[in-house]
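Several structures are given next for inspection.
Look at the two complexes coming up: chain A is in both, with chain B in one and chain C in the other.
Take a look at the complex of A and B:
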């Protein structure tokens, strides 16, 4: 029961030895679980059948062979590397800038009553504004180049990091703070040795979301601030030239990249938080 | 381990309100140095509040509390407190949790490490130094909490229903260990509990509190040799007498 509660309340509930078992208790078979591939395989089969019957005429529906051909061409010509490289560079700088600023904002909102009073209401209002509403302003101030895109991505990353850092700090149990008082911790010791470690899982959730959001925003930025290269521009090119093969290729690349980024973030989170297990806020004796 | 100079606690006409609700009403009690006092009462009688006041976690009250003749104004390393929930930091190992209590102790790191090892041994947890709290059972985690409460060598150890969340077997074992530590270290202990048996088994005196507003109802001396026999007729008589005041259940109901 305790194990269940831990898993329920915290993704990283697994103790270090039997983590795979604990994370997916249903998974007992020795063979790799291939059930997740059923749906894509089915979709692929239907696509292949329909496009072959249709004959690929008119350009609305392309065959898998055409997409494969385009993929090969994009990879060998270096176009993919160039576009994906530009997108990922943007994603990385936006994520880095946004996360650092988000951490700073979240920490001050979480730790300082003055900051909460002064910045809190503005931040709460700011959170309600759709990210895309900033596009006109950003394009006027920063143009359509990389600077504008990075500003947009930073904004996308900043919000989840700031919100989760602040919430994580506010959710630190009073009992931990009291324990620190009994040990005569100074304010600095309290923050560094109690509040930050206790809030770390929530901070990680914020960073994870920031990575995902900023990747989504990368596509948005490339779509709405068109100048330059990037995987979003590959998609636009495909759509403008009526090349569905290029569009489909772009979609696959975007999906695979996003999924890999997510896995990377989870792996990093697990490496840092693994050993302390689920016994955090929700623990009962 | 050398013995600690134990010091007494004086509680002098202490009253406390939460908003308009009176929690403690003119509570006075003198606890001798080295004495073990059990404070018994139903929930809501203010017994835990009284303990928090002695710890210095709350200074918003009228009256005075003095430890070793000095007025309590804040928390102090001289006063340890152990709660019902062990309150270990989940991101630290057992040994690191005990060490965390020594962060502001005026000792060299080598001495701190030695003190940690001694206190882990004192509660019988050698071999579990590097276990994280979630890897320990409830009883073991509470032992770590006891080690953490003792590692600063406080003059007074305050215990807020420390075994309340444990099963009967673990509770009995830890009661005996606490008694052994108390006899060994000769420090002053104040135990808050709602378990009549636990109060008599461990206390030199049993202070019974009544609720709304919290006040001391009676003080019973337990003049029985240690370790106490729960079947001793005098033990049974005292237990029946205290239970009579609460209406015949083995623990005190609210």
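Take a look at the complex of A and C:
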């Protein structure tokens, strides 16, 4: 079990902890805290000043106006929708396939001691290998198209879901299982009514991480399997044509999409867990 | 009376009923010990058999013998050592720089609410952009040289190190801080004797995470933009359709990541075990 509680690279769950850290002062203070805007505003002002003084023609040092112009162009010409749509479609299919397989694997790892013994060590070793190192092999086996990308994304989503599902099941308190035994639950009832609800928060953490990591993997796949369109390809185009404005635009789109996906996942998680929590409280009373 | 009881016990524990179970138990124990090896062995057997019988073309999956031969070849020619050392050097430099920076930044954020209010929102915004998002930006800014790799790896390590440090400082139990206040600790004493010892386990986790992130970033950077290193070996093998080379390099990448992770894991456990002594 200790093997599975090992932290691995996607366990960082960075945004989670900040949100908790941020929430408290926001509740205490009614006024919005504007101090956080000082640094970005300062950076923006310096960028604007330097790039304008330089004349805005010198290649890499683009002015904010140029970036804004590129943004407008990308949005109105439909290039953004096309690229982002392609990326998100891949992300969604990879996430769906990966999380279903990951749930199945995590359940079997968590529920059966034999499966843990047989698959666990191999799984642990497998997840130590840097995910991106698989891309060259995947590209040989599945080509450079969407199939290869979806395979890679599913893999990226599978690992956190499986690991967290298994962890969650292992962390179900012994007393719950004993209580269920006292009530003569069958094995199936035990799994469905006791173990799964108790493991649900951890499963959601896995799904949340899977969403974040499959977004990162989407970018990685577009980088390394260069074919078709996608937001990663926009970035590559900008980099290859020395168009800093396009690169900056792409970076902002990637960052915003990633944080929106994270927010969406957290909202979904909260909604489901609240409903569950309410139901289980009522049942227990 | 007592005689009958002992007699009963003897028959209950007699050899006749327990003899067969011990044997099956022994077999079962053997099976239990061997179980983890079943899956890798089966996969390897399938791989070997598939290549032997010609089910899979060697261009798509080279036979194990050839991967092994490539491995030995790489080792003997010194290519392997050369590229591994380059990769390790990159990851160590980036990791050390990023982790130190992260520890400092996290400490500053953790100790000063004002600094946190000014810096944390910007930090959070930058964190949203993954390593791969920064890559084209830095590629244009600093070129394909070594600095690119160091910056990206250091950035990858900095983020988890900072966040874990901050979390470690924030999660110090209030009761301990109150106790230190009762004893009239100065701010400095409180930090050294209360806050830091409490934060050590979280810091250790952060450092380990920083390493895994740095290793991941190294592979990505070397795959995309490099002419040396283990990631480059993978790309090179892929371009020449030498899958044996690719697989050998992937195995090494995995093995090094695994080994260093294990070492850091042991270190973390040691730190955690040593924790109570910090409160003595």
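One rule holds in what follows: the second predicted complex is superposed on the first by the 241 of 285 C-alpha atoms of A that agree within 3 Å, B and C clash if a C-alpha of one lies under 4 Å from a C-alpha of the other, contacts with A are read in each partner's own complex, and residues count from 1 in each chain.
Criterion: contacts are C-beta pairs under 8 Å (C-beta built on N, C-alpha and C of every residue); 3 or more make two chains touch, one makes a residue touch a chain.
For clarity, every value in this text was computed on a predicted model and none was experimentally measured.
Colleague: Examine A:216 and indicate which partner it touches, taking first as chain B and second as chain C; both and neither are also allowed.
Modeller: second
Colleague: Using the touch criterion from the header, give the chain among chain B and chain C with more contacted residues in chain A.
Modeller: C
Colleague: Between chain B (first) and chain C (second), which does A:194 come into contact with in this model arrangement: first, second, both, or neither?
Modeller: The first partner, chain B, only.
Colleague: Is A:94 in contact with chain B, with chain C, with both, or with neither (first, second, both, neither)?
Modeller: After superposing on A, A:94 lies clear of both chain B and chain C.
Colleague: Applying the document's definition of touch, where does A:182 land relative to chain B and chain C: first, second, both, or neither?
Modeller: Once the two structures are laid over each other on A, A:182 reaches chain B alone.
Colleague: Determine where on chain A the residues touched by chain B overlap those touched by chain C, and list them.
Modeller: Touching chain B and chain C on chain A: residues 6, 15.
Colleague: Under the stated contact criterion, what part of chain A meets chain B in this complex?
Modeller: By the definition above, chain A touches chain B via 6, 15, 175-176, 178-179, 181-186, 189, 193-194, 197-198, 200, 275-280, 283-285.
Colleague: Mind listing the chain C positions that touch chain A in their complex?
Modeller: My answer: residues 32, 35-36, 38-40, 60, 114, 117-122, 124-125, 127-130, 132-137, 139-141, 159-160, 163, 166-167, 170, 205, 208-209, 212-213, 215-216, 219-220, 223-224, 231, 234-235, 237-238, 241, 243, 246-247, 249-250, 253-254, 257-258, 261, 265.
Colleague: What residues on chain A touch chain C, complex-wise?
Modeller: Checking each residue of chain A against chain C gives 6-9, 11-12, 14-15, 17-18, 21-22, 25, 33, 35-40, 43, 60, 114, 117-122, 125, 128-137, 139-141, 215-216, 219-220, 223-224, 232, 235-236, 238-239, 242, 244, 247-248, 250-251, 254-256, 258-259.
Colleague: In the complex formed with chain A, which residues of chain B make contact?
Modeller: For this pair, the touching residues of chain B are 55, 57, 75-77, 80-81, 83-87, 89-91, 100-104, 132-135, 138, 141-142, 152, 165-166.
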